[in-house]
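All chains are identified by letter, namely A, B, C and D, in their written order; residue positions are counted from 1 within each chain.
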């Protein structure tokens, strides 16, 4: 065995704390090590060339690179050694950056630790064997979970490229959050005008199937071959018959809270969220339907011209096969009412969220685009009032440790500026507008200019400071919301008597995002946003091969960023699925049947049913692991009492050798 | 001779060879805790020196006997960490692991090994700060106990 | 068919039954053999003297008269059913089981490690078995005969010295707190069920003293006990639920989980491998304690293991056929926090 | 004949301990008697019980490191190499020196450092039984270069440094059968000194120079006539107490004749295939060799092995000539009473009976020899014999 050891400086990232040159020299004393070398940037072209040169000239049969995390460059270096004719799995990485130089300061101690890490890797590399990947055929269909703008964009891109795409949307229509927006910053073009055509494109695209009012129940399989169970929720309406005429909605006698309009108005028990819904199909909210609650009514059934109402309808389950899955589950608005008691916990009618205001501004919204004070709406005999003074409060549920939301929601600054501008265009330039902010984050193209316009052209008064309290009071006989805050620039208390207060409520992960992540075995952060494989190198991939990310499910994003990411994701999915065969990781488990004692513990514990009973010539049965099914977790290996199962790449011998190498004194 | 030859290779003293120094073995799963440790590194979160990590695909791969083996070979502490229950990359590995490590955790004191010398925990890929905390607390408590002496295992 | 050596060439004849259970066992054995339901039947018989009881392999109805049941029947005969033990392997075997033995059988059946169709099980309700070695140590002479009443044991030595013991003082560690004296699985019972010596929550008095020791003292006790181990594998081979035997990882050099050097720490590791591999199937039947020629207190380990499994998950091995061994399954809501 | 008064015993042991390690049977807190190094004040258990383990452990270690080696850079190794000189220095007729020379020669390989380990402190094993002492004689044949066979430097170094002080078996056990094998409870074969219980102490007879040296203890006087007589009667009575187990006549031939007798299967049925009998046996000497190595640094171990171990005689190919329990079971008895006798012209059993007493299922060597060491009826078992058929099915071998 001829081992080559390459120690990286990573500029000063490693060499600043670890004597890369020194440990490279010392590694020459290790058994079987015939070549050692320290390199300034091992991952760079000259670095990789040096490795290949050494492999060829010194006839190396194993390679250890002491550098960064294998999550960073293992793939890179496997390719490097393969390029020099060495099996890529005869390579091992020693992580002396993330796990050493970056977390330590003492040069001597860090250097010794780095050397021990390196020795463990050399011990492991001795145990490695040449591995050859398996090939499995690939299912080229794509599942997109979530039919918001990100999902739609990814779907269209993929469908245009010729792949069959299925969008699973849990609401009765696609469109997501963007469908609820009035205008979009910084161009102020109408949200619907951009979105609805895309929704229609998706609906009409021959390669796209939209499964609205459906949810993903179970995901099995692996990259290239996922099997997904999808639940079609009972709408109590036969969608193959429903024509979306909305007669039922008009005639339905039962009111129900209007989720689409964020509770600003009521809708009916049978409803269609908004006029441009796709698909435009009605669904019954059973909890509010008289027939289901009181056993009488059936008005919808009587009035439906298409005879589509079906009170007996039950949830249906379908199973579909996909090669890749795109997560586009979007976002929810931060539930500020539960956290900001100083803002009235939602009990002050004239304090509303940004999204509610968005609906109010929207022509097809509950107020037909009129800006009104909720406290004055729906009161018999009186006309609703327009607000004369409007206060916007930023960072409600963003950048606020006290409510467990340290992150910036990244869109609030901009949509507040937008709403401020729109307010003036609705209620006139004489409306007084204050914006309480911490900082203005206007980093996108044309964003800063947009905020400037609001401040100068539209005379929106920006007050730098947090609002400490909102409460109702009567001022000059009028009912006002008193906004008490501080102007940190002037360094004094300010108080504004407002007619309307709009909270720039931040973005949180969509409800149920964690449960869904667990079905797909992908990582998520403490707020439920999905974790990318690497923020820079693999920003749209997850750690689960074949599962990708698009839009706000990964982190708060505005529309341009979400759409850009969606297209990027589509490109990645294409890169994966344009191949007819996929190489599967050869780092899987294998049974030594000569030693198998047929105790079937492996069969019992495998989450993927990879081990199977295989009949032998003598009539007995032994365990056999189906290579393409094995995911290489090694649960069976740790369970097999005779240790006759080997997990290639992570053998028990290798683990024990690493332990002994480390603990040897 | 050979024995000596070997230790001579480590010119200077490692924290673990140093007087009163301890050797702490960490066995972590590839998807959560190893990545969490990477995150801690990227964030330059300073940590104790004595921990050495072994990477395995899943805590389900870890035979509790590895920990015993480590102690038998002279480890002063063993830390095992993986994905939070429910988040296993292989969906079930850490559930099996949890039972095994719980038993191990309860057996070790019976073998004369102080409870503070073993810990199993869960650190996700996004919990860099938690990783730092876990490492510093655990290595700290092992250092407080010092190297194991007169051990039966 | 060749007569079974252990009977045909027996040193000591059993004589007339000394108790109803013994008589019933012989009766059931005869029936099974004469009706050809089994090729041979495993019970207990006298060894080279009347103070010894050993596994007895019976092939003919006549031989069944050699079977005995008394407080010396500690051997867990289920071990002779496990992989590679039966000879020939495909024989139909009858076997006598006490409460604890039956739990090991159930454990094997749970994992299909024994073919249910090929065994005939005689259940022997157990009043508790005694540790002969305790008696032997009470004499400088050699004990050659033992006589029993429900409460007492009378020992006679080679020189004719006799001494009477309270059976309670001689009980094996796990017998004195046995909750399951009645077989959990049997085709026929040799007697009416007996009342357990203990009921309610399980207790492990035998290990309490050790548990209370300081780490250093534990180290000392373990080093002394396991320093004596001669690695004869009696504990492992006699263990009915330790099924790998010829492939035992303790012998494997690849991987080398345990070194071949015989030293306290290696021996303890050796034993812990055994423990972890039988976790979930071991009911602390004590076969290993009895088999150890050097009398290493293995119960310190397996009783502790079972105590903790019980404490963790309320788990008790080998109670029900449809139960799964503790490490072959999990519950998402296992009440286990990190430590 | 000398006399050691009971009250002189501690002083005597102390005297021996001045120059060598003294190993005696000691009863532990758990009542288990084992041979262990003596320390002042400890009472040896000389009375009745056989120690559970024979004393062989102190000469033929259960696990013994006899080689340490280490990988080093070629440079260092070259510097350390002096193998050739050692070799030259080794006299032809000195096997130990030659062995050492060979080790040294190995170190000549660049990159490798090898060191022989062969510690053999002077020791006196005190209070073992004549059967134990006789066991050493039989092991001496195997390791001592008998008939020009292998001479083992490690065994012999220890054997050389060891003095055996045996005690007459006053009360042999029901499982003792030394007399059936030409030995006896007062046999002196292999022993350097034989002590025999007498009024108020022990008579002591040396049967070798080593023995004489041990008995060179000032406070020890000559045995009085009465004491000598008492000792003689003890010896005679003891001899009469040992039961006759079997006739040795023809056993070797019969074992050969019965090699395929189904009786082997009958007898091994209750055997759990552990190694207890061989490990407590004063004669069994099978061993295994293992390398324990980390990072090229390690040691070579010799550890006891036993023929019941399923991997005993397992070949690299994966084939094992002794594939089932009965094959291995047969080996133990055939070895003791057939193979070994053929090679060394003596028996590999001294009749201590440990294997019977401590066998978890009380497998009885006497019974085995009585059965298969004699010509017996089952010999010509018919082909359709159910048992034979069963065995056939199991081993795939034709019985």
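Everything below uses one rule, namely that contacts are C-beta pairs under 8 Å (C-beta built on N, C-alpha and C of every residue); 3 or more make two chains touch, one makes a residue touch a chain.
All of these numbers come straight from a predicted model, not from anything done at the bench.
Of all the chains, the one whose CA centre sits at the greatest distance from that of chain A is D. Contact tally for A-D versus C-D: the pair with more C-beta pairs in contact is C-D.
The distance from the centre of chain A to the centre of chain D, each centre being the mean of the chain's C-alpha atoms, comes to 71 Å.
In this assembly, the C-alpha centroid of chain C lies 30 Å from the C-alpha centroid of chain D.
Here the CA centre of chain B is 37 Å from the CA centre of chain C.
Measuring from the averaged C-alpha position of chain B to that of chain D gives a distance of 45 Å.
Those residues of chain C in touch with two or more other chains are numbered 256-257, 327. Residue numbers of chain A whose C-beta contacts span two or more other chains: 29-30, 605, 639, 652, 656, 660, 664.
Under the contact definition stated at the top, the residues of chain B that touch 2 or more other chains are 6, 63, 69, 86, 92, 96, 100. Chain B meets chain A in the complex at residues 6-7, 9-17, 23, 25, 27, 31-32, 34-35, 37-38, 40-42, 44-47, 49, 52-58, 60-63, 66, 69-70, 73-75, 86-93, 96-97, 100, 124-127, 132. On chain A, the positions that touch chain C within their shared complex are 595, 597-601, 604-605, 639, 641-644, 651-653, 656. Against chain A, the residues of chain D that register as touching in their complex are 71, 73, 294-297, 318.
Residues 1-6, 8-9, 11, 39, 47-49, 52, 54-57, 75, 79-80, 84-85, 87-91, 133, 137, 140-142, 144, 158, 228, 230-234, 236-238, 245-246, 251, 253, 256, 259-263, 290-291, 293-295, 297 of chain C are the ones that touch chain D when the two sit in their complex. Within the complex, the chain A residues that touch chain B are 26, 29-30, 69-72, 95, 97-100, 102-106, 108-113, 115-117, 120, 517-518, 521, 523-526, 531, 543-544, 587, 605, 607-608, 631-635, 637-639, 647, 650, 652, 655-656, 658-660, 662-665.
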